[in-house]
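Chain naming follows the written order as A, B, C and D, and within any one chain the residues start at number 1.
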Amino acid sequence: MPSFTLQQVAQHKSQNSCWVIIKNKVYDVTEFLPEHPGGAAIILKYGGRDATSAYEPIHPPDALDKNLPASKHLGYLNGESINILQQEKLKAKKTKDERRVELARQRMPPLSRILSLMDMENVARQVLSHKALAYYSSASDDEITNSENARAFTRFFFRARVMRAVAHCDPSTTILGFRSSIPVFVSGAALAKLGHPDGELNITRAACKEGIIQMISSNSSFSAADIMASADQSQTLFFQLYKHRDDDIAERRVREMENLGYKAIFLTVDAIVAGNRERDIRSPWILEEQESGPVYFASGTSDEPKDGVNVFGTAGALVANDDRDMTWEKTIPWLRSITKLPIVIKGIQCVEDAILAAEAKVDGILLSNHGARCSSLPPLEVLYSIRQQHPEIFDKLEDSLFSDPLAGGIRRGTDIIKAVCLGAKAVGLGRPFLYAQSAYGQSGVSKIIEILRREVVTAMRLVGASTIRDLRPEMVQRVDWHPHVHVKL
Amino acid sequence: MPSFTLQQVAQHKSQNSCWVIIKNKVYDVTEFLPEHPGGAAIILKYGGRDATSAYEPIHPPDALDKNLPASKHLGYLNGESINILQQEKLKAKKTKDERRVELARQRMPPLSRILSLMDMENVARQVLSHKALAYYSSASDDEITNSENARAFTRFFFRARVMRAVAHCDPSTTILGFRSSIPVFVSGAALAKLGHPDGELNITRAACKEGIIQMISSNSSFSAADIMASADQSQTLFFQLYKHRDDDIAERRVREMENLGYKAIFLTVDAIVAGNRERDIRSPWILEEQESGPVYFASGTSDEPKDGVNVFGTAGALVANDDRDMTWEKTIPWLRSITKLPIVIKGIQCVEDAILAAEAKVDGILLSNHGARCSSLPPLEVLYSIRQQHPEIFDKLEDSLFSDPLAGGIRRGTDIIKAVCLGAKAVGLGRPFLYAQSAYGQSGVSKIIEILRREVVTAMRLVGASTIRDLRPEMVQRVDWHPHVHVKL
Amino acid sequence: MPSFTLQQVAQHKSQNSCWVIIKNKVYDVTEFLPEHPGGAAIILKYGGRDATSAYEPIHPPDALDKNLPASKHLGYLNGESINILQQEKLKAKKTKDERRVELARQRMPPLSRILSLMDMENVARQVLSHKALAYYSSASDDEITNSENARAFTRFFFRARVMRAVAHCDPSTTILGFRSSIPVFVSGAALAKLGHPDGELNITRAACKEGIIQMISSNSSFSAADIMASADQSQTLFFQLYKHRDDDIAERRVREMENLGYKAIFLTVDAIVAGNRERDIRSPWILEEQESGPVYFASGTSDEPKDGVNVFGTAGALVANDDRDMTWEKTIPWLRSITKLPIVIKGIQCVEDAILAAEAKVDGILLSNHGARCSSLPPLEVLYSIRQQHPEIFDKLEDSLFSDPLAGGIRRGTDIIKAVCLGAKAVGLGRPFLYAQSAYGQSGVSKIIEILRREVVTAMRLVGASTIRDLRPEMVQRVDWHPHVHVKL
Amino acid sequence: MPSFTLQQVAQHKSQNSCWVIIKNKVYDVTEFLPEHPGGAAIILKYGGRDATSAYEPIHPPDALDKNLPASKHLGYLNGESINILQQEKLKAKKTKDERRVELARQRMPPLSRILSLMDMENVARQVLSHKALAYYSSASDDEITNSENARAFTRFFFRARVMRAVAHCDPSTTILGFRSSIPVFVSGAALAKLGHPDGELNITRAACKEGIIQMISSNSSFSAADIMASADQSQTLFFQLYKHRDDDIAERRVREMENLGYKAIFLTVDAIVAGNRERDIRSPWILEEQESGPVYFASGTSDEPKDGVNVFGTAGALVANDDRDMTWEKTIPWLRSITKLPIVIKGIQCVEDAILAAEAKVDGILLSNHGARCSSLPPLEVLYSIRQQHPEIFDKLEDSLFSDPLAGGIRRGTDIIKAVCLGAKAVGLGRPFLYAQSAYGQSGVSKIIEILRREVVTAMRLVGASTIRDLRPEMVQRVDWHPHVHVKL
C-alpha cells in the first residue's frame, strides 16, 4: 500500500477529488460525498486534511470500512507526515471551550456528593464540551414539548396508603421476560463517546453490575459487536433498530444483532425525520464567536457561507437513510419473518396506535415522542389515556414500556413509580446515563442506578407497596391544577 | 407652473394657510387639513416646511395626487431652495436611533444563519427604526390578547400517528381555488416601506418565486397598481378591502382592483375602529428622550403640547374613513352586485358570525381578531369551537382561512399544521413577512417561506400525513393544562 | 377665650392630661383618648404639641368640633407661640421622603402624555408620599386576593360581533334612575387629602364636568356638607354609609345626608372589621429607616415600643365604631323607616347574599370584597355566578352594580364592558380617582374619565354594540385557561 | 470512677475501640456503633474527642443513659483536661456561620414589629445556624410537594356572608374533648434545641399561657418527662408516637407517656422511611465551602470520602428503628390493648385510608403528608375529597384534624378557617413554632399564637361566623383557576 505526504493529500480538497485522513489512513471519499448522511459540505470542510478529531466521536469505528469499498482506502501517511500531524496537535492552542472543560474536570465533586440525577446532570453540564452538550440536551423547535414531557409528571400525585407492611420491599421486575433489578432500563442513548472515550461501554458494564437491561442504539459510537463483547455472558441487551430504507440492508442488520446475542428488537418509528434541533445546529457558530469575538459580516446581507449549513445538525445526519415508508401491514410481518426475537414498537404516541400495535401482535410498545419532537402529547398522558380508555391493551401486549430518551422527563424514583402504577412495565432512561458516563465513566452510571434504586424503594414504601405488583392505578391521581414548578432541563 | 423659495413657503404654516413641500413640490393643504385621516395637527407640524421624510414611508406614492385637486399643487421649489434642502439633509446630524440602526445593519448575520422565524424577527428588531418597530410590533391595550393568540397554539398537541408512508410528502394546497405551494399566504401587512425601501414589492417578488399567494392591504405603502405591476403574470394576488364609508368611493376601489387583476376581495370587518396602540403612540416621545435626555416640564402639570396628540397613532390614522355601519343585510349584497370576485370576510371572531357568514353565502371567512384587539377570543379557539359545534360550516364555505396578521401567533410549521388539522384551508401570516423584508429584502422573504416549507413538511411527516388531505381534526388534541411557556412577542 | 404659650401646652402630654394644638387652637383631648377610633397611643404621641400636620389629611375639617364638646376647646396659642411654630416649620429639614416627592412633582409628564389609567397610577406612585401610597395601595394579608380581583377579568374574553352598525355609539346609561355619561361611577375612595389639598373636591368637580356620579365615603377627608357645597345643582351624589354601632348616631347621619341632597345610601356591609393591611402599618417604620439608616435594637429581643402599635393601621382606625351586628331582619327595615332614599347594599360577595338582598327588597346591590380582603371570591366571578345560577336577580333589583374600590381590578374600558355584559348596571372605581387627583388635581380626574369614555366606546364598537342595551351576556365567554399575565398592582 | 486525660481518650478513635467525651464524661461507644440510628460514621468522626457540641442539640439529655449500659460510662476527664477543653473552646475561632448568626441576633427587630408568621419566619431564617435552618426547612425531593401543600390553600376562596351579627366572636373549640382557645395546636416539631437552648420548653410554656394544646414528638430534644415537668397541671399535652419496631419497647414508651400525663397518642404512620432531604444532607458541605472556599479534589473523580455520607441526613437517623410493618389489623388492636388514651392516626393521605381508620374505630385522624414527602396529594385536597365523597367520616370519628407540620402550608388565620370550614376540628402547625422559639424564645411563641388568634377572629367575622360552629363547608369554594402567587417557603 502506498504512503502519502500531507502535501499530496492537500491537493485533493474539491468535489472533483476529495481525500481525507482518518487515524493516519488516507481515504478517497469523492464518490461518497453525495451519499454522506451528514451532507457533503461537512466532509469538504476537511477535504485534503486530517479529519480524525471531527470523525471519531460521532461514528462507530467500523463505519468507514463498511461504507467505503476497500479500493478507496488509498494507503497511509508516511512517517514524517504522521510526525508533523502529532507536532501540530501538541502545539495547537487549546480552544476556550477545551480549556473550560479541562478546568471543570479538575473541579468535579467526589462521586459521593452526587445525591440525585439532577446533581449528576449539573456536573455533566460543566464538563461536557459545548458540542457534546448541544447534542445531548437539544430538543426540537422551541423545546416546549420537551419540558412538557417532564411537567406531565407533576400533574400526577400519589394517593399514598399507610399501615401496610413494607419493611421488606422488592423493586425487581421482568422486561419482556428478562430479569431487571428495578423497573428501569437504558433507552437508546447514542453518541456516548462525545462525552467519554469509553462511551456506551461504560453503560454496558455498569448495567451488568447493577442488574439492569441496556437497549443500544443503531447510532452508538461503538458498534453493536463491540458493545456485546464488553458485556457479561448473563447480561441482557436489547437493540434499537433504525430501519434502513433498503430492506436487505435492514435484514442483514437484524440478523447480525440476533447472532450477536441481542434479546429484542425495538423498532423505532418516531424518528423518521429529524426534529429541528436548532441548538445543535448553532453550536459551531457559538464556538466560533467564543474564539474570535462577535462576527462581523462586511456586506451584512445574504452571503451564504461557502461550507453550507446542515440544517439537521448532528442528529439529522443520523436518520437520512431511515425507512420513511413503514406501515403496520408491511413492516411488522416482514420483521417477524426474519427474526425470532421479541418485537417492540418504539415511539407510540396515541391510544389509536397502541391499539393498532396490539392488533399487529407485537410483543411490546414503548411510549415515546423521541425526546419531545413535534408538539406530541407527553408520553405520560398517553399512558394515562390508555389506562382510562383501553386498559385491555395492557393485557394484550407482553409489555408496555415507557421511555423518555433524551427528554429528561424522568428524574426521580417517584416519576418511575407513577408510570409503573399507571401500567408501564418499566421505564427507559437515556440522557441521565449519557450524563453520568460523561462525568464519571462506569462508576457514574452505577451511581445513578443506585440512586434510582434507593428512590424507587423509598417511593414504594411511602405509597404502601412492598412489591412491584402492589403498585396500582388507583394509587395515582391526576389533578386538575398545575403544580407551580419551573422544570429545568 | 410657478416656483417658490423656502421663505415663501415658510409663510404658510397656520390653519388659515398651510403649505407643505413633498419631494420638492409645493402643495396647499389648507382645505385638506380637516379631512386628513391622521388629523390636522400632524400636518401643521410640518406646515411651511419640507415634509418628505415623514410623508413618504406611510403613504402610497399616488396618495397626494388622488386626494388633492390638481389646483392645490402650486408648483415647485426653485433650484436654490432645492439645493439648500439637500445641503441641510447632508449636514443634519444623525439621530441616535439612526446611528443605532446603521450599526445594527452592519452586524447582521448572513441569511444562512437564520434558522427560524424567531431568528428573523430578532434580526429585524435590531435593524428597524424605533418608529417602524413600534408600528409593526404594537398591539392593543396591554398586549395581553396578543400574547394569548400565540399561547393558544401551545394548548393544542398532536396525536402523532406512526407507521404511515411519508417518504413522499406534498404540502401544496389551493386557496379559493388558486394553487399555493404550502398552506400559507401573506396576510395584509401594511406600511412595509417603513422597514425597507422596496416595501411590499419584496414580498410580491418572493411570493411569486416560492409559489404562495399575497393578500395586499389598502394601506400598503405601494399602490395596488404598483404591486400588481411588479407581479408575475401567473401570480395570484388578493386584495384586502378597508371599505370607505362612501359607497361610491368604495365601489371605485373594488372595480379598480378587479381590473388590475386581483383575484379575491377580503372585506375587513374587525378593524372598524383602531385599537389602542399605546406603544405606537409613545414612540416619538421615547425618541425625544433618547436625543435630549429626560424631559422636564416646568409647570409639571397639565400643559397640553401645542401639536396635540394623535391618540390613535399611525394605525389610527388609517381607519378614520372606514365604514362603521356595515351589516350582513346591506354590505354583502352590495359587494356582490359590483364584483364577480370571490368575497372573504376577514375578522370573524365567534361561531355565531361564522354561521351568519355562511348564510350570507360569502366564499370564505378569515378568522382573525386583527392582531388581538379588544380581548377577543384567540382565533385558534374560535376555529376549534366551530369544529366542535358547527363542523358543517367548513362544507358550506368554499374556504375557511386562519389569520393572525401582526399578532405573532404563528411562528412554526407545527402551528400551521395544527390550524389545518382543525379545518383551516390555509394560514395567513403578516408580521413575519414585514420583518423578513425589513432585514433582508426579497431574499429574506424567500428565506422564511423556505423555513416554513421545511417545517410544514417535517410536521406533516411526524404526524403521519403525506398530503394536506391527510391532516385530520383527530390528530390534534386540546389539553386541559397549560404548557409552561413564556411566549415572547 | 384664653391664649396659651407652647410651654403651657407642653405640660399636658400624659393620659391624665393631654392637650394638642390643631391649626393654632388648643384642645383638651384627655377624655376623648379612650374613644379615639385610631387608638389613644397615636394622640399621646402628639400630646402637648402641635398635631396639625398629622391630623389634617385624615380627618374632615369638622371632625374635632363634632366629636369634642365646646368646653374642650380651651383657646388659642398666643401670637408669639404661633410665630415660633411657623419658624420651626420653615427651618425643619425636609425628610428624605418629602424631598423625593418634591423632585418627582417637578418631573411629572404633561397630562397629554397620560394614555391609560396605568400611566396615571405610575405618575401618582412617584408623587405620593410614602404614607399616602401605603394607605392607597395596601390590601389585606398577602395581597393575593387583591391581585385575583384583577386577574379575574383576564379569564373573560369577548365573543366580538362584526357587521353591525356602530358608527353612532352611545355609552350613556342610568344608575338607580340617575343619568351617567358612561357606565362608571366614583366608588367611595376615602382620605383623598392625603394626595392633594383639594382632596375629594377635585373628584366632585370633575365628575360634574364629565357627567358621572360620585359616591362619597363616610371617611372622606372633607365633610359631606363641604363636598355637596362644591357640587353643581344638577349633579348626582351618592353616600356610602359606614353605619355607626349606635342607631341614633347612624340615623342622624342618614337624615343629614338626605337633607344635604345625597340621592342614595350605599350601606357598607363588607368592612365590619378592618383587613390586615400590613403595608400600611409598616409605613412609619420604613420612613424611620429611610431617615436614620437600619435600626439596631440593643436588646434585640422583645421590647415593645412605648407608643404601641396600631395593628389595624390607618384603615383600622376608620371602622372602630362601625356596627358589627347588622342583619337583614333588623337593619334594612330600620333604614327604610328613616329614609326615602334608594338603598344599595355594598359588599355582596356570594350568590346567596344577592338572593337575600333581593328578598329584602333593597334597590340595588354592589358586588365588592372591599378591596380584596379575606380571600373572598373575586367580584367578577360572583357576578358571573349570579348570571349563570340566578339571572332573575337582575330583574328583581333596580340595579346591580359592580365595584372594586381600592382593588385596582378595573383598569380598562374592556374591563367595564365585560362587567356590563354580564349584568352590572355600572362599575365603581375608587383608586384610579385617588391617584388621578393626587397627581393632577381636578384635571387629572377629568383625564381618566375621558380615557375611560374613549376606551368604553372603542370596546363597544369592537364587540358590535352601539348602545349599552346591546351589551349581552353571550358576548362574553369565560375560558378554562389562564392568560399569562402578571397583573401589576 | 476513674478519670482520664485527653491523650488517653485520643487513643480510642477506631471501630475497634471508640470513646467519646460528652459534657466531660467519657463513654465507650464501640459496641453501640452499629446500632446508632444516625450511622457509625458520624460517631467515628468524633472518636477520641469531645463530641458535646455535635451531640447536645439533637439528642434528649437522657439519650446516652438510656441507650448505653452503665458499664460503658468509663469515668470523667481529669481537671486539667477539662481546663484544656474550655481553653480551646474560648480560643476557637468562630466559624463564618457563627459570626453571621451573632450579627443577625443583634439586628433582630423588636417583637412588636412582627406582624405575621412570615415576618417571624424571616427573622428566624436570619438568626438560625445553617445546620438548624437546613433541618427545619428541608423537604423531600425537589420540594415541589411541599410548596403544593401551601398552594392548595390559594385554590379555596371564601363565599363570605354579610349582615350577620359578629360583634361577639368566639374562636374557642375542643380537640378530642380538650379545650383549646383557637382551632390550632402545636404539631410535633422536633429538635427545637437546634434553634434555642430552651427548645420545646419555650413552646410548652407559651401554649399554656395562650390556652392551646401541644403535641410533642418522640424526637424532641427534651425528654417527654422534662417537657411534662415544665407544663402546668391544667395543661393538655398530646404525644406523637414513632412506634419502635420492637413491640415491647413501644409498649413501654406508650405506658410511660400515659403515666406522665399525656392525654392522647398520635400514631405516626406517614414517616416510616425518611424522605430524601437533600438540603439537610448538603448542609455540612456548604459550611465547609464557606470556611475554606471552593473545594478542589485532586483526582476529580470518584474518591468516596472516608467518613461516608449519611444519605438520610439528620431526619433519616430519627426513623431508623421505626416499625415499617404496621397494619390496621395488627397495630390498632395492640395499641388499644395497652392504653386507655384516645388514639389518632397521624398521616392519612387519601379518602380510602380515612374510611379504614373510621372502621378501625380510632378516635381521630390527622391528615398530613409529613411535610410533603413523596408527591402525595396536598392534605387540604384530601380533606376536601372526604367532604365531597364521604362526609359521614366526620361523624364517625371523634375528631378529624389537619396538620401540616414542617410544611409551611398554614400561615394565615384564613388558611385555618378554610380547613375548619371543610371539616377539620383543628389545625396543627409545626414549623412556625420552631421558628418563633428560635428567634424570641417563649415570647416569640406567644406572639404567633396572638397573631393567629387575631387573624382567626378577623377571618371569622369577615365570613360571617361568630362561633366555630358557624363555619360551614358551603362558605368555601374550590375554584378552577389558579391564583397567581409565588409561595415562598
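One rule holds in what follows: a contact is a pair of C-beta atoms (placed from the backbone, for glycine too) under 8 Å apart; a residue touches a chain by one contact, two chains touch by 3 or more.
Predicted, not measured: the structure shown is a model, and the values here were computed from it.
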{"item": "Same-residue or different-residue interface between chain A and chain B, half as cut-off", "value": "different"}
{"item": "Length of the line joining the C-alpha centres of chain B and chain D, rounded to whole Å", "value": "63"}
{"item": "Centroid distance [mean C-alpha coordinates] between chain D and chain A, Å", "value": "44"}
{"item": "Touching two or more other chains - residue numbers and ranges from chain B", "value": "480, 482"}
{"item": "Contacting chain pairs - touch in the sense defined above", "value": "A-B, A-D, B-C, C-D"}
{"item": "Residue ranges of chain D touching chain C (in the complex, touch as defined)", "value": "105-113, 115-116, 118, 154, 156-167, 412, 414, 418, 440-441, 443-444, 454-455, 458-459, 461-463, 477, 479-485"}
{"item": "Chain B-touching residues of chain A, taken from the complex the two chains share", "value": "141-142, 144-145, 147-148, 151, 155, 245, 269-270, 272-273, 275-276, 278, 281-282, 285, 294-297, 300-305, 308-309, 311, 323-328, 331, 345, 347-350, 352-353, 356, 369, 373-378, 381, 480, 482, 486-487"}
